[in-house]
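Think of it as A, B, C and D in the order they're written, each chain with its own count starting at 1.
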Amino acid sequence: MTNRVDPTLMRDFKKYGAVGIEKCFNCGTCTATCSLTSNDSQFPRRIIRMAQLGLRDQILGSKEMWLCYNCGKCSETCPKQAEPANIMAAARCYAITNYDTLGIGRLFCRVPLVGGLIAVLLAIFFGAFMYTQRETMSTESLKLFNFIPYEFIHTAGIVVMILVALASLLAIFNMVVRMARANDITIKTITGGARMNWLTAFWDAVVVQPLGQKRYREECDIEENRRVWYLSKWFIHAATMWGFLGLVLATALDYLLEIVGVKATGAAVPIWYPPRLIGTLGGLLFTYGVTVLLVKRWRAVDKAHSYSRPSDWIFLALLWFSGITGFIVEIALYLPRAPIWGYWMFLFHVSVSMTLIFLLPFTKFAHSLYRVVALYFHALKPVPVIEPAKAGTD
Amino acid sequence: MPENQQPRIGVYICHCGGNISGAVQCESVAKALKGLPNVTITRTDESMCSDAGQSLIEKDIQELGINRVVVGACAPMLHEQTFRGAVTRAGLNPFLYHHVGLREQDSWVHGHDKTAATDKALRLMSAGVAKARLLQPLDPIRLGAEKHALVIGGGVAGLRAALDIARQGLRVTLIEKSPFLGGRMAQLETVFPTEEEARALLHDLIQKVTAHPNVTIFMGAEVMGVSGYVGNFTIQVKQHSRGVSDDNAEALMSACTQEVPDPFNYGLTKRKVIYRPYEGCYSSTPAVDWDHYDGRPFDVNGWPIELKDEPKSFELNVGAVVVATGFDPYTPPQGEYGFGELPQVVTLPQLIRHLALSKDGKSLQWNGRAVRDVALIHCVGSRQVDGVHQPQEDGQVNNYCSRVCCTASLHMTADLHKRYPELNIYDLHQDIRTYGRGHEEYYRHALEDGVRFLRYNGEEVPEVSPAPQGDSHPVLVKVKDMLTYGEEIEIPVDLVVLAVGFMPRDLHGLDKMLKISRGNDRFLLEVHPKLRPVETAVKGVILAGSAQGPMNIQESLSAASAAAAKVASLLGRGKVELPPFVAAVDVEKCNGTGACVEACVYEGAIALQTFNENGEEVKRAVITPANCVGCGACVAVCPNNAVNVQGWTLAQYEAMVEAIGMDLPAMTEVTA
Amino acid sequence: MTTQTLSRAELLKQLRTTHAESVKRAQELLKEQKHMQQELCAFFREKPRTVPEAAQATGIPADKVLWFVAAMKKYGIVAEAGMCGDYPLYKKVEEN
Amino acid sequence: MDDLHMDALVIGGGIAGMQSALDLGDQGFQVALVERDPSIGGRMITLSKVFPTLDCCSCITTPKMSAVAHHPNIHLYTYCEIQSVQEHGAGFDVSILQKPRYVDISKCTGCRECEYECPITVPSPFDRNLGAYRAIRVPFSTAVPQKAVLDPEYCLWCGKCEQKCPVEAIDFSQQPETFTIEADSIIMATGFDLTPVSTKKEYGAGKLHNVIDPLMMERFLAPTGPYGRVLRPGDGKEPGSIAYVQCAGSRDETLGITYCSRVCCMYAIKQAMLLNGALPMADITIYYMDIRTFGKGYEQFYQNAKAMGVNFVRGKVASIREDADQNPILKVEMTDTGEIVEQTFDLVVLSQGIVPASHPTVSLPLGSDGFISVPAPDSAPCVTGRPGIFVTGTAAGPMDIVDSIVSASAAAAEASAYIRENGSRLEVEKEALYA
């Protein structure tokens, strides 16, 4: 494979916020400092080098950028203060833009004003659309689903989900094709090659790493991870993610119970009722995580948070609003008298959450998809053929 | 005088900080030497040349009545003078000292065999002792010195040396081969790290030099012959005619039609054979390029005027010579990185001139095309590897680093970026060597300006070839980039710039005339990089600037000022001392055969003179010590053994040879 | 000059007072060094030993032992006596 | 005391200062050479051998020290600090503090009886504190002047030395004394310090036992070094594997030092070659970013080291930690291949760079790098921002010995021209200089 330089990429990269990329003189400190990199997947320097020379295909086909958890250690030790962690974040932004062929992702990364506007308009659209279906606002108790029928929300949600799933699949397909090309994987190597650890890789890519945050927890040897657990970097991230998943699970359970006829959506339940318990705990974790993340970015507490591009803010804002509004609704639900603002807050909550989900493949949120795919590729190894031990070794 | 007494020899063996003691058992040698006749004391020391070591010798001379001293240490070139100084301080004649080179002649070459090294040390030392027994006090040759120095070369180093010598109150003559002053510096635009205008600095310097009452300048002049010695050199100079005068210059210049490639612009442009290299040059009077002028007359207002070079020859008497002859940029052979084959390949000096000539324009133009992508290749003509690069005429490759090119290249990329911000620049290097004060800043700027750096391995140099038909760019550079894990990277470009190194200059025999030597790198050689960094082995001949090796302007200036300091120390007192190791005739033995005169190759060193001996006219050889170099040619041919080189007499040699061959009783004991 | 009028003993006493702080530090150091010298000399007198062996036997950190051994070697109290693997051996020089 | 009017005052008795003083003295000028330490010789006298000729360092330095000491025109003031420098007409009034040696140097013979007698052993900065001497001592074997000096920081004032001294040179009554020298010109040759690594926590911040600075290695390699051989300071082991970490303190913005220190590549290669001789079985690896062997004969020196088997690996060392046996472990990306390696060594040398030495009280404009500013390097490389004051050697930025010596002669040329053009001597006297 010939590698032809492309001088435009580095300039392009800077538009994704790679502020220091040109400063790098390739000393390798960042890569050697990183506790997550390995000889099978070297970063950040490899990514930086590809960007410096403009090797687009190699960047878009790399899984390395998704293995980074943005701990910021590389940026702290960089002798040229080239901000490698930030360059990695820019690379992810660049990849999100390029995997999404619809061009919406590009707006969020490159034209954040338009991106932000889209998010707001979309939320307004969802809100307005649901408002057209409104019914009554009961004042004696907060009957949210009398205000907007849950059937309607469910249907709208499902439609959004399907659209998101389609867009996500398309983007993932793009990513997989590029990754396969860059790593010389063809249908033939998959079918005719050595046996692969398909299942273990899946387990690792879905459960061990993202859910268990194993490497973030155990290997990121940074100051913050040595602090008390609830302030450690990995926990904040995990709290956000677990919280979010908890909320999704609670909603899904609620819906499931409705379908199987155990409990009607919106029926008042005690706090220990499983879906509600999961939802409340998830919401707490989620709000805590997102709030800490926002504060860190706002205060630029460390190297990893000292450069925030607008797309970071849009994503965090969507997360935070959907989390905090959910909580306010929860509070409103248990107030002795149903406040009118509870309904508005509910409407707000549903619109923001739908926007968040709807924009998943186009915003920074997409990392949750790509990271899993990349982790899968990373974990995928040929199964070693165990030969029966020969008698009498040399 | 203690010298006339029975010899009392002090023998000292230096460990040389492990250099000698690492191979030679110094203590055993000292012990064995103690038994030799006339040896009063033997000592060893970690470092004889240190103040403590020297004091030891002085003390022994004063307290033990030592009257001959032998030191076994490093090469005599390094510290013979040091010990002569110590001996003198103690009140002994400095030539009652003998130096044995135990390091270069023994420990450094026999480090692997300690027994043999010790044996050899003992033999060398006993030879030294044998010679010391026969040493006689001598007097150095004291001569008046011209308080006048010659500086050869009118570039920045020569100018600076001339100015600094003049400022020390000495007279200076500066001769420059070309008809104009300024040398290579005039061809530059700005200089790093200050970004000042090169010519502004240069003209300031020229102004100071020309205005100084102690300085005389000859342009268009070259050295044709050198004779004499420190303090009293006679230099034959030939100065070419300028060809034109201020009165007729303009008319002749406009009448001149013959054009030749302009070396000032490295052949990028043409100039007339009556020329000024650039506007504002010194001297402002144009000159005729005699090498290229075809001799045809010029038509000035209908009158044919023919110009003729009528060189003047004259002699200068100077006390010292500063060689500031500069360097040449390396010219790649046809085909190296496409040079001379692809029109898109230029050298860095050429590009500097090109940019100077094309001041305007939004984009860089080359070969009739706008340039968007440039590759800059470092180490062209430097850091060459045997078997990879084409050797020079002498069969050697330029294996040295040219020191200046890295910063000069990045200085260039800064300039390019400033003028043409859209340009894409690729820098192909082995190591970036921005070592000097403020130089690393150029590297930082280059990075921040978006210059892409690629690193090649010296044994796999980049490949420059024409791009295939239909490619976006005319030239394709391929490099195995070590920063990209050794992957082959393809760079399509419009221009390739070769950062060429420094080449030692052909001095057309000047080095031979001055009897100075060149090092392995073919640059002029100093005595010792630390002890005497700007002096040559010929006393009174001093180096300044890049004739000695690659240097930037700042370093050339320092070297030139250092040279001036040496000249000032040498000539400031108006007298010099020469070593007394010259031929001496024993008139008792001489019977005037004249064989010695025939054998002598040094003018005026030995001659037959007629004497009246008992009323009889006899011819006897007479030495003029100042002209004798002590080569010994006369000694070898004299049938009567009537000539000897003082301090190195035949008798002394015989004693040394005998001592070396002898098996001392102690020797077997020592080396067993 | 006032100092001339002082006797030698008085002068030293005065110096000890003006440098009270550093003298106290130096006295402590000297005490430690005396102890160290005693222990190490005893250890190296038995047979040639290495620095880590001495450190283990005396409980003094190895780098400190090495520093002191180097000092003792300089002043002729101990001498090198061959190697034991990668470590030089030191022995006590017996006074005549 | 000497005639206290001098043509030039040289501050710093290292190689650059000595060379400047010798060049001025040889031209007949009266020079005062002021040195802060009890002996001249500077950093250079502590080195083992010097590149690229591999001459033993004392072979070059000690004769110069001796020449300075014996020169009729050079007046040596050791163990002196500059207190202030004031313009005075065309020249300067320099106030100098003579620190008490507590030894009368006119009597002391350098016999070292006092040193043998002194009960307290103290770390010797000459050996980078890895070697030892006594509270009263001759600073090192080739010191000039070869005279004892007493360190009041460690002295017990027990008086044993005084009793032992055969020539009654010990003088407890010495007090600091201030004197003034009038000088027409000043040459700053104040030298350098190593770049500090205490802030580089990735490299152990100077706390790891077997991670040393390059000047320590110079002492180990010198025959007069603290151990007389190469041992690691943690436990006295003869190292079987040694690593050099280049740019440890240079070209690193995390330390605020962005410039290249110019000498580290060559001294690392030189030490590697010397180690190859001292410990033929040892593996030596040099981790670097760019090898900067730019001087005359340096590139060949580098190639020779490669041919000798010294291992050169491109990659900046990211971190150093130590294992249970105090063996340092380096982590680095070998950038040629991208391989990330963790390698254990017996001994690691941090190739620390050059920062300006703490200056005496001569107020001079400094460059952004902290070294004395040279406003016009391409026309007057030794001229500072203050007329009559010149700078040479590493006081004007990192420099190797060869360049320092050339620069020292150049500074002497500048100073002598300045003295002739502006000095306070009468015309007659100026002519008499050359008589």
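The rule is short, and it goes like this: contacts are C-beta pairs under 8 Å (C-beta built on N, C-alpha and C of every residue); 3 or more make two chains touch, one makes a residue touch a chain.
Just so it is clear, the structure is predicted and the values come from calculations on it, not from any experiment.
**Student:** Going by C-alpha centres, which chain would you call the most central?
**Tutor:** D
**Student:** Tell me which of C-D and A-B has more C-beta pairs in contact.
**Tutor:** Looking at C-D and A-B side by side, C-D shows more C-beta contacts.
**Student:** Between chain A and chain C, tell me the centre distance in angstrom, where each centre is the average of that chain's C-alpha atoms.
**Tutor:** 65
**Student:** Using Cα averages as centroids, what's the distance between chain B and chain C in whole Å?
**Tutor:** Averaging C-alpha atoms per chain gives centres 53 Å apart.
**Student:** What's the distance between the Cα centroids of chain C and chain D, rounded to whole Å?
**Tutor:** Result: the chain centres lie 28 Å from each other.
**Student:** In angstrom, rounded to a whole number, how far apart do the mean CA points of chain A and chain B lie?
**Tutor:** Measuring from centre to centre gives 67 Å for this pair.
**Student:** Which chain B residues sit where two or more other chains touch them?
**Tutor:** 432, 444, 483, 485
**Student:** Residues touching two or more other chains, restricted to chain A: which are they?
**Tutor:** Counting only residues that touch two or more other chains, chain A contributes 25-26, 46, 80.
**Student:** Give me the residues of chain D that touch two or more other chains.
**Tutor:** Where chain D meets two or more other chains at a single residue, that happens at 251, 314, 335, 338.
**Student:** Chain pairs in touch?
**Tutor:** Result of the pairwise touch check is A-B, A-D, B-D, C-D.
**Student:** Would you tell me which residues of chain D are touching chain A in their complex?
**Tutor:** Within the complex, chain D contacts chain A at residues 202, 247, 251-254, 289, 314-319, 331-335, 338-340.
**Student:** Of all residues in chain D, which touch chain B in the complex?
**Tutor:** Chain D reaches chain B through residues 23, 26-28, 48-50, 52-53, 55-60, 62-63, 65-67, 69-70, 110, 141-142, 144, 146, 222-224, 251, 258-260, 262, 290-300, 303, 314, 335-338, 367, 369, 371, 374, 376-382, 396-398, 401-403, 405-414, 416-417, 420-421, 430, 433-435.
**Student:** Give the list of chain B residues in touch with chain D in this complex.
**Tutor:** 15-19, 21, 46-47, 49-55, 74, 78-79, 82, 85-86, 89, 147, 164, 167-169, 191, 193-194, 196, 201, 204-205, 383, 399-401, 403, 406, 431-441, 444, 482-483, 485-486, 519-521, 523, 528-531, 533-534, 548-550, 553-555, 557-562, 564-566, 568-569, 572-574
**Student:** Using the touch definition up top, name the residues of chain D that touch chain C in the complex.
**Tutor:** Listed in rising order, the residues are 116, 119-123, 130-133, 135, 152-159, 162, 172-173, 209, 226-229, 231, 233-240.
**Student:** Using the touch definition up top, name the residues of chain C that touch chain D in the complex.
**Tutor:** Listed in rising order, the residues are 1, 3-4, 6, 8-9, 11-12, 15-16, 19, 22-23, 26-27, 29-30, 33, 50-52, 55, 62-63, 65-71, 73-75, 80, 83, 86-88.
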